[in-house]
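Next, two complexes with chain A in common: one pairs it with chain B, the other with chain C.
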Partner chain A sequence: MSRAKRIMKEMQAVKDDPAAKINLEFVTESDIHHLKGSFLGPPGTPYDGGLFIVDIEVPMEYPFKPPKMKFDTKVYHPNVSSVTGAICLDILKNAWSPVITLKSALISLQALLQSPEPNDPQDAEVAQHYLRDKDSFNKTAALWTKLYASANGKDSEKDVDEAKLYGIDPALVEHFEALGFAKPKIVEVLRRLGIKTLDSTDDATDDKITDELLRSS
Partner chain B sequence: MTSVQSEDNSSLIYGDDFDDDDESIDLYESQTTATCSMGDTACHKLNSLVSQESEFDFDEDQFSGNESDDELLVDPMTLSKKALDDDKGGSSLKYECLTTQDILDRMLKRVHHLQPVFSIPSEDILVLMQRYDWNEERLLEEWTEKMDELLVEAGINTSNPGDKLNITMRGIKHRSDFNCFICCEVRSTETFSLECGHEYCIECYRRYISDRLNEGNVITCMDCALALKNEDIDAIMGTPSSARLMDSSIKSFIQKHNRNYKWCPYADCKCIIHLNDTSYLQEYTRLHCSRFVTCKFSHIFCFGCGYGMHAPADCNVTMAWVKKARKESENLNWVLSHTKECPKCSVNIEKNGGCNHMVCSSCKYEFCWICSGEWGPHGRSFFQCTMYKNDDEKQKASVENSKKALKRYTFYYRVFNEHEVSAKLDWKLGQTVGQKVKAMQEKMGVSWIEGQFLAESLQILNEGRTVLKWSFAVAFYSDASHNLTKIFVDNQMLLSNAVEQLSELLQIKNPETTMKRKSEFYNKAGYVRNRTRALIECGRDLLRKCICKPVD
Partner chain C sequence: MKVKLREVHSVFAWTWHIPKESQDAHAETIDDNDGDDVCGICRASYNATCPGCKFPGDGCPLVVGECNHNFHVHCIYRWLDTATSRGLCPMCRQTFQLKKGLAINDSQISKFQELRNKQWQTRQQEFGDQQDPETNPLEDQDDPMMDQGLIVR
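On to the complex of A and B.
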């Protein structure tokens, strides 16, 4: 019973603080244990300008057990799965304490976007990108924000260049397209190998990619 | 036959005498080490120096009554540089049997010792020790480096204890109309807070603590890093719950130090064996020996692999064997039916005693449980069923090898299993023997000490069976064409025969005659013991000479 009371009180607390720009609402009126939260991307980061929606499931043991949170919005971030939106954050796991609220958890997520922890990654591919080439990572993350998290409705996703979506140098993709490989295949292989750019003199890696392409086609 | 006898004699020599004095060890050494002749005084000295007498002694001191284990299990030949360098001699092999409570008591003692160094309350040191996984050295190191930071990090209240505010803040209070932030209920209730003033109702605190008691970490205030002390936990929970937290903390300590601490693998046994110096274990592995340890409840297990007593097999053979057994067991289910038909009249027979000498209750046919053959030849000369007769040998080479391999394995697995079942039945037998001894004592006025030969014989029987059981794993992985393997099989037969005879002797029907046959018990048990040692030695030789190689 106290769980319902607590959730209602937390909802009220979010409404009472519009300056935080955090939103929390029930998915359906009949179920108070399934919520959607949203917050704005922190300014000065590639997530600036985006609205990020988080799916929240409140367990029976709440607030003694943490709520289950995952991103509904696609996010390009080392600690967030680029496929499922699963989040790797200690306070949502073993560092949870009953004094943490849904609001403070959402604020923590906002802070996580601000300062990624690439050494404790959820998405290894993204984390590798982050560690190897910060600028390229930032570009990709900003592109994802624009594509998937822009507040003014969804842009058509179809127009997006696949290579760009994963921060891969378009010239590199063109190079392999010229060899007769299909673009989706090239992107897939490059993602698997974790290669974003290639020095034109690096023949060994070039051969490796070609081998991989031949093997998978 | 003659060759078997001579092997028998020599193994008896070192089996019997190796722990009598240094000289006999030298004798054994000279037999095995080609470079060391008997007359060589320098070599003699070296051998006396590195003899492991003192190391036996230690274990015998700790576990008197189990002296036979160490004779059996510690290889007298495990001589190494380590033992030479070690001033204390036995310390490398030293082990002790503890419970979590023993370890905790020890930790508390250490906390007590640290108290004058830290000059903070013992309870706070306990929190620090938990935080540092009971690692005193690391704690002291960091303490000298950054005392104040350490206290803050560990959540220990550093404000002046005389501070009036603190005293009023801390502890359980009774409040009317308290609004708890956690459960959002407004009511009059007891509350708790530490010096930080983060106050919540006692029920929320109880819930919070009970979720964390089994995690083994320091429990902090829900809203800050300030640590709850054991007395706080007990006060909030109303029961001595901090004991559970300490227990789980010690358990996680053991988990983190699982190279030195091992749980006894027996069901419901809460003993922990602590081996101080594990560097010696490598030497054991190299020599294909295993460090067998005995817990308070006489459970013998291997410190290396955690399985039960498995001599003469080493850990590799044991693990390969167990793995294989797991893999193959499905194929072999049909073989392992617990009943057998009498080979003569086909009546189904269940084996309900430890002895493999079966007498069909229906047709009185005497046969051997293992090979289903007639018992007659078994009793007189050889115990032939330890020898796997390769019937396929005569057949053409075109016979599928895999089928052959499975058949071979099936044979060894079945024999292994039979001995395991027999060992269990022996244990049951032991209970009845115990009762019989009691009956004897009452009826015939036999003193307790006089009845002990039965218990001793039973223990020797058990050891013999275990060694026999594992010897089949060694035999399975051994090169059958090698002469030493043949000697090993001969040794198996001799032990098998001896064990069966002793087992039969222990099926006591009439207590009165048993007392009269006491010397017979002694003879048979002594023989089993010698045969057991000889088989272990021979098995180790097989392993050392790489004739026995575990492969999947």
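On to the complex of A and C.
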């Protein structure tokens, strides 16, 4: 009862503020507790130019309990799972307050894209990438934005270089391909080991990767 | 000329009187679409009811917090009764307490006192504290646990 009324009011508030460039809609007309929200990637970040869609489930106890939010759009960000889109943000968990609205929560997600918290990660692999090599991380995040979050990006999804997708140096993949390993396997192992580039003199790591490749093939 | 009044229809309007300084503090934090302040929890006007009530007025009053944030009494009570609230004001995250010396709050004091006592007991059980249960729960206002700001993670 209180939930339905408030959701309708929140819908209206989003419509009344087109300047925020935030969108909120029901997934189906029959269920007002399942919504999709979207917002634009913050300018000056690798997410600039992207449109990010968020799946929103409003629990029975709303607004006394937080809405469940996860990204539908794939996002390369330390606090967002690159696989499931799960989000690590305190206000959606224990720091929830009933005065937070769906709109303000979406704005908080936008702010999260602007300022990642790699020390409290949702996706450890991405967070490590961010901490180790920010430039490379930014390139990968921008590539994901272009591939998955741009309005017309849907059709380009197929022909993606797997190595590039995870910010791995293509030369490194080629090096192991020359040894006869399959590319998907190489990418998988390099991701697992968290290695993006390799100094050609670093034989120890080279051996470690080869061992890992042999073990998993 | 003589005028004879046969019938008189009186129309009255009422609004809650919200103390001035508390209204000011409030105006900054809430979207105010139609010049009518709304309860931050249910987003319905103060002069209307919370979602659970049918008749506005004394049956569904407001309370004013020590921090000058106002809510329908039913809304804030329901929030404070959840574990996630940790007894904090939803607006400013200070411990929510009724402002003293306001007629509007007076009838609610005992209800909120009961709630605080209940939470105090739950907290003690949770932390398995050895503290003397006779200590006055109202002195527990500066608990550092209660003092977390709105941090984006």
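By our rule, the second predicted complex is superposed on the first by the 215 of 217 C-alpha atoms of A that agree within 3 Å, B and C clash if a C-alpha of one lies under 4 Å from a C-alpha of the other, contacts with A are read in each partner's own complex, and residues count from 1 in each chain.
One rule holds in what follows: contacts are C-beta pairs under 8 Å (C-beta built on N, C-alpha and C of every residue); 3 or more make two chains touch, one makes a residue touch a chain.
Note that the structure is predicted; figures quoted are calculated from it, not measured.
Novice: Could you classify chain B and chain C on chain A, in the superposed arrangement, as clash or fit?
Specialist: Once both complexes are aligned on chain A, chain B and chain C clash.
Novice: Examine A:P67 and indicate which partner it touches, taking first as chain B and second as chain C; both and neither are also allowed.
Specialist: Neither partner.
Novice: In the superposed model, does chain B or chain C contact more residues of chain A?
Specialist: Comparing chain B with chain C, the partner touching more chain A residues is C.
Novice: Identify the partner contact of A:V99: answer first if only chain B is touched, second if only chain C is, both if each is, neither if none is.
Specialist: In the superposition, A:V99 contacts both chain B and chain C.
Novice: With the two complexes superposed on chain A, say which partner A:D90 touches: chain B (first), chain C (second), both, or neither.
Specialist: Second partner only.
Novice: Of the two partner chains, chain B (first) and chain C (second), which one does A:P118 touch, if any: first, second, both, or neither?
Specialist: neither
Novice: In the superposed arrangement, which partner chain does A:P78 touch: chain B (first), chain C (second), both, or neither?
Specialist: It touches nothing on chain B or chain C.
Novice: Using the touch definition from the top, say if A:K5 reaches chain B (first), chain C (second), both or neither.
Specialist: A:K5: touches chain B and chain C.
Novice: Applying the touch criterion given at the start, work out whether A:G37 contacts chain B, chain C, both or neither, answering first, second, both or neither.
Specialist: neither
Novice: List the residues of chain A that touch chain B in one complex and chain C in the other.
Specialist: Touching chain B in the first complex and chain C in the second, residues 2, 5-6, 9, 63-65, 97-99 of chain A appear in both lists.
Novice: Show which residues of chain C lie in contact with chain A when the two form their complex.
Specialist: By the definition above, chain C touches chain A via 29, 31, 33, 40-44, 50-52, 75, 78-79, 82, 84, 88, 90-91, 93, 148, 150-153.
Novice: Name, in rising order, each residue of chain A that touches chain C in their complex.
Specialist: Touch list, chain A to chain C: 1-2, 5-6, 9-10, 13, 16, 61, 63-65, 79, 88-91, 94-99, 101, 108, 111-112, 115, 117, 120.
Novice: Which residues, counting only chain B, touch chain A once they are in their complex?
Specialist: Touching chain A: residues 181-185, 198, 200, 204, 207-208, 211, 222-223 of chain B.
Novice: Any idea which chain A residues touch chain B in the complex?
Specialist: 2, 5-6, 9, 63-65, 97-99
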